[in-house]
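One structure is given here, and the rest of the page talks about it.
Per-chain residue numbering starts at 1, and chain names A, B, C, D, E, F, G and H are given in the order in which the chains are listed.
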Amino acid sequence: MPVNAKSMVKVFERPKSLTDVQFTYCPGCHHGLVTRIIAHTIDELGLQERTVVVAPVGCSVSMYEWFHFDGIQASHGRACAVATGIKRVNPHLIVFTYQGDGDLAAIGTAESIHAANRGENITVVFINNQIYGMTGGQMAPTTLIGQWATSCPTGRDPALAGYPIRFAEIVAQLDAPVYVTRQSLYDQKRIMATKRAIKKAFQYQVEDKGYSLVEILANCPTNWRMSPVETNRRLADEVVKSYPLGDLVDRV
Amino acid sequence: MPVNAKSMVKVFERPKSLTDVQFTYCPGCHHGLVTRIIAHTIDELGLQERTVVVAPVGCSVSMYEWFHFDGIQASHGRACAVATGIKRVNPHLIVFTYQGDGDLAAIGTAESIHAANRGENITVVFINNQIYGMTGGQMAPTTLIGQWATSCPTGRDPALAGYPIRFAEIVAQLDAPVYVTRQSLYDQKRIMATKRAIKKAFQYQVEDKGYSLVEILANCPTNWRMSPVETNRRLADEVVKSYPLGDLVDRV
Amino acid sequence: MDNTFIFAGFGGQGVILAGKLLAQAGADYGLEVTWLPSYGPEMRGGTANCTVVLSDEPIGSPVVDNPSALVAMNLPSLERFEKAVVEAGTVVVNSSLVTRRVERNDVTELTIPANDIAASLGNPRAANMVALGALVKATGIFPLDIIKRAMVRMLSDKGSGKLIEVNERALEAGYEAV
Amino acid sequence: MDNTFIFAGFGGQGVILAGKLLAQAGADYGLEVTWLPSYGPEMRGGTANCTVVLSDEPIGSPVVDNPSALVAMNLPSLERFEKAVVEAGTVVVNSSLVTRRVERNDVTELTIPANDIAASLGNPRAANMVALGALVKATGIFPLDIIKRAMVRMLSDKGSGKLIEVNERALEAGYEAV
Amino acid sequence: MPKGKIVIDKERCKGCGLCLAFCAQDVLAYSTEYNQSGYNIIWVKEPERCIGCAFCAQACPDIAIEVYREKKPKQGK
Amino acid sequence: MPKGKIVIDKERCKGCGLCLAFCAQDVLAYSTEYNQSGYNIIWVKEPERCIGCAFCAQACPDIAIEVYREKKPKQGK
Amino acid sequence: MAEAGIRAGCRAYFGYPITPQNELLEYMAAHMPKVGGIFIQAESEVAAINMCYGASAAGARTMTSSSSPGISLKMEGISYLAGADLPTVLINVVRGGPGLGNIAPAQGDYFQATKGGGHGDYRMIVLAPATIPESIELVMLAFELADRYRVPVMVLADGMLGQMMEPVLFPEPVDPAALPAKPWAITGARGRRPNRISSYFLDPAELSARNVKRQRRYQQIEEQEIRYEEHETADATLVVAAYGSVARIARTAVRMARSEGIKLGLLRPITVWPFPYSPLRALSRRVDAILTVEMNAGQMVEDVRLAVAERAETPFYGKLGGLVPTPKDILREVKRYAS
Amino acid sequence: MAEAGIRAGCRAYFGYPITPQNELLEYMAAHMPKVGGIFIQAESEVAAINMCYGASAAGARTMTSSSSPGISLKMEGISYLAGADLPTVLINVVRGGPGLGNIAPAQGDYFQATKGGGHGDYRMIVLAPATIPESIELVMLAFELADRYRVPVMVLADGMLGQMMEPVLFPEPVDPAALPAKPWAITGARGRRPNRISSYFLDPAELSARNVKRQRRYQQIEEQEIRYEEHETADATLVVAAYGSVARIARTAVRMARSEGIKLGLLRPITVWPFPYSPLRALSRRVDAILTVEMNAGQMVEDVRLAVAERAETPFYGKLGGLVPTPKDILREVKRYAS
């Protein structure tokens, strides 16, 4: 059923900044959503010709293939160091990292914190899905207390494995970051808010303001072993209790 | 002039927990002071037969030779991971790490934060002298804004090298730590307070309460290029402004 | 003589699991077995296949140049492996997704609408079991029961007990469909 | 013929710097030079020594089995290196800290109370310069001025300009003391 | 209510069901169809109820949906 | 004031001067002596003023000072 | 392999997820608590190896596992373990490299494992199993050797072994309490002088003495611990040298070659360090060629050539990037030298 | 060496302090800003190498430096650089190991540098200077080679070179703007298709193709870039093989030996990878013995033996733990084979 171009106007289309390649994410995974939001943001800000994505190791490892701009794949946890190298050498580029919770908040703790502390003028998009997606569902530093994972098969026990790390709060303790926020995607309102947050973060980078962190509470239907719709419910009901949403720092 | 043992009583003596080996620290270095305080604390708590020191890489690298108890030398930054390994295997041992600001707050950021987040039942003594002592005075993550160091010869510029990291504040953001404090040594009162803080931290470990961090603002006369007495003045006048003293967490 | 199998399909189609089950059942049946997955992406996405060898003597290579049977759950899989199958071998094709026929005529072709059968049983994801059931029947390596028991054990171990019943029915349906 | 020197003493005594200065001055004087420190602890503490080679042709090994001159700023240094000095070589001994005499009688011994002289000039840390001054005089490798100029440049580069004057006087005092 | 229309790219759809949950107008439903990747895809069951709000498209992780809305040529309110 | 006495281990002293700065009674001063390590060491210049408070010892990074205090056999304040 | 570790008396496992060895970590997560052992999912491979360092110093039988990129991150830690004479068992389930590469089976880490990927003069005993049952056996052995010689021991597997399934019989478990005491371990200095674990010896003479002593232990290992398997070499004119899962593929190639009348044999190093130079030296005196087959660009072939010293031809056949040679591939290659 | 880097057009340096290479880092801190370059003291060696990865991908001539333990921490990063075909210059001022060891000069990292201390099949060009002037020259060369072949290049120095002082003449500075463009670099996809830097190739066939291409480049390097120096070998009956600062000590030993009538020569590899096998092979045909001298337990000697293939004796003399051989030591050893 073809669309009548005369009487109809396109109100939602595939972002220009995306290639045609199909995402390799599982059905219903929020990674796809955020990827799309970033692409729309780059479209809107007209940054396609100077944006660089630093892809992590995680389910989004080959993210650079989906964007119509330059990209680089960073070793596990080191995306912020890689981004630092690129941005310092060529400050004209708009550089963002896109990292999972294992990548950013476990193995990459030092690189993530010190890039923030140096106030690198980059945008860090942090997908907190409380699990190691790519490797098949092991505990992340952000996994909730009691949550099942393949490496804590009786649920995360804080006495053995510690507590969910609130990374945005840690970064907010530092002096340099200009924008630190936590968002989610479990309903239309949150999707819009996430979109605004990501846009603000990029906007700040364009204006040379400095470092931004956008933490996004996301799902992993495969490893949570839930349907995508159920994951949204869990995010709204459970996850936000451990990870309060909202802006933590907005220094501009 | 011999002391008359009949009429005189010894009110200060070398701790039993120390060997006879002379410290390799420079004249007037606070490392020696803290080492002595720890030894006195272990004496007082009677822990000599079950204490383990985890020495870092830094000016205190061979610290294990000064104590009359078991010791181990950890690779640069990883003392908290090493301590975790020891303590988990043998919870009866009283395990502490002793780390400089380069060791704990730069290269060891991830290990330091995650051991704290797991609430390992260990004591972390953190010597924040705002400089890399052992390697000859490079900038540390804790170096003050404007402070000279061999790797920031025009003074630390936050635009290039970021801001002094307040590690105690970061650790205080986590759920697990039971005791987080910042102390100094620039006058008699502070020395006594540091002594109390260290004792409390060990006491908590003995009682199986969990993780403690004692951050100590210390000097480095050699690399600050000041006399020891001048360093004390600087600590009192300048350094405490960036690093407020006092307890941040005491959950017991 | 070794029995060598290749299971191939999309990442989400459960070919890795189906192969594992066959190997497990073979071991239960007293055979020497190897099972060797060849992932696409780390753990998911893309195409996937695995190789199973069943033998009554110690197995050398778990890598197989020419399988005696192929289960092709989608078109790319058929295209990739069809030519490798030994003469007089068996090819099970999931005709729900593969529209063309096998081009060779020196092999036994079995077309099974695995997805449709699975959907009709109420769980479209059990298509892999349907195909496995068909394969067991076609090759006659061992009774269906052996597979069923292995499946029950594996799913209970994994804490996926609720899937046992539908998978059982899927195995049977595939077995019957031949 | 190469002129080879070993400076040895405690970590804090500035022997590394004294050797560096000699090498720098040698280079200024148009010689080939190598300077090779052998630290104790990373950067400080313990004992320290360094080796300087001055030559008018390209230098092979910067490592020296037998120095032509030794500066021993303390007792352990003398004990360690005394025997290695070449026959008819020179030994400068800091008699402020070393109470015994050189045991060999086939070398030239110079006893200089370097610490005392430096203290009398108002900076006990300049003992290394006193010894260096004495060495320059004793070996006559080049005029004292060359060393002085190298010292001024090195200290200005290091931002330690305020020490120049006292060091200058220490070099002179050492030179005179021979 | 404006009138909308959505176009689903069948080969991109992974049948996750998020669009369906986000559509407040109950326009969408699972079909009986499988795409080449083996996913049970979504179809526009009640096209006439679509208001072109794009909630579905915004929620689709695989950008399988394009949304059109009727032009409203400067009518009052 | 109680009467105190300190003993300095000359070979341990590094001449840092901290004890001197911490002593409120002006008991200590730099000597003209150097120890085997080449440090200009401290000496007890005014022994009679020492009250045995141990501030000096507590400030000494090299534990070169031992402190004694006169026994006060249960006198009333 | 995880179960073998537990049965070998391992009571402390520290790891970080990476494909293809997650099953091992997950098994440890589930089973260590049941035997009163320690399982920690560390924040990184660097943390994991340093936890091993601590746990091993405290006297426990300790283990970590990872795959290529994760193993690279452990290099400093491994060098420290070696420098402090601490036993630890490491499993490397090698994947395609360099860099992130892929998760397919590979043998690109042979040099790293056998020559020392970390700094300084150290060696690890490196065991290369070819089957799942042998993996079990060698993991058990690894703990024995680690403790006996106070060295880190690596089990060098690959994605094929890491993901293959084969039925196994487990040996009797070792009771950790019944193991020989470790008088050097950090257990609290009660009634004895303090124990100190360190690799820091500022004085070159002292460091040298330590190193010389360690090198002597290495020599002892070279004398006593070489393990290898010869298959059909008695009358062979041509031999394939291969280790790990490639060796079992080569075994099938040997069968195929023999059925065509080609006198092919197989030499399979089981310890790749210490490397079986002498059997290869012996073979080199009576065969025409020794074909080394590896899933890399040619690494073990250097050791083969060292042994052969140009007495026979030493061609190399390699597959890269996670590609696996098939028996046919090997046979084809063999035929090039069989005339 | 730092100044040589800047003159070679390096405009991005990332490092972390470690003795004995702090002077290099400090020089960069002071001078990079003056030429508009980037200096960052990273939070660790791991961060530093990954900053290099980013900066190099962005097209800059990039450099890092460290010493043994710090280099071990860079292993994963180096493998990534190799896997993504990125040029970077690394300086390793080797110290005594393993573990923390000490800061004295050593050569214990030869294997790590030449065989690949990181995972996967990769190589670095490894340049081993023997004097300070040569260090300067080779650092300049390192940048050229890194860019030409898109490989990481390591300058393998040691504590002796790192801390020695020798007068030098600096070559003319290279203007970074005048260097050949890097069309593969990440510069913003304006008017061209996106550039992608990655070492991740899930498909074994694709990863293999990449690897094969890279191996071909390595072969080209082996054909074109071998550098070495022969000294007094023409009539020699005995040759010392040594690299780096040991080679200059050996040079003095040659002089001493000649003065005693012993026909000693010296072969000094300048590139230790690619290794000068063929000149050694040639020598092995006409001398009695080739004595390898290293400040380690015997690493380069394996390469020497590969070249010699038992045609001559190949004894080894090593000093460990930061001890430095003196000319006399070498001469004594030489005499054992000179009869």
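The rule we apply is simple: a contact is a pair of C-beta atoms (placed from the backbone, for glycine too) under 8 Å apart; a residue touches a chain by one contact, two chains touch by 3 or more.
Here the structure is a predicted model, which is why all the values come from computation and not from measurement.
Touching chain E and chain G at once are the following chains: A, C. Interface comparison, B-G against C-E: more C-beta pairs in contact at B-G. Computed centre separation for the pair chain C/chain G is 34 angstrom, with centres defined by C-alpha atoms.
Centre-to-centre spacing of chain A and chain E amounts to 25 Å, using the average Cα coordinate of each chain. With centres taken as mean Cα positions, chain H sits 39 Å from chain A. Centres computed as Cα averages put chain D at a distance of 52 Å from chain G.
For chain F, residues touching at least two other chains, in rising order: 39. For chain G, the set of residues touching two or more other chains reads 19, 40, 43-44, 46, 69, 76, 80, 84, 99-100, 103-104, 198-200, 202, 324.
Each of the following residues of chain A touches two or more other chains: 25-27, 61, 73, 75, 106-107, 109-110, 113-114, 118, 134-136, 141, 160-161.
Chain G meets chain C in the complex at residues 19-20, 103-104, 160, 163-167, 245, 248-249, 251-253, 255, 324-328. Across the complex, chain G is touched by residues 48-52, 54-55, 61-62, 64-65, 67-75, 78, 81-90, 92-93, 110-111, 114, 118 of chain B.
Residue ranges on chain G touching chain B, taken from their complex, read 11-12, 14, 38, 40, 42-44, 46-48, 50-60, 62, 76-77, 80, 84, 186-191, 194-200, 202.
Per the touch definition, chain B reaches chain H in the complex via residues 57, 61, 73, 75-77, 102, 106-107, 109, 132, 134-136, 138-139, 141, 150-153, 160-161.
Against chain F, in their complex, chain D makes its touches with residues 9-10, 12-13, 73-75, 96-97, 115, 119, 124, 127.
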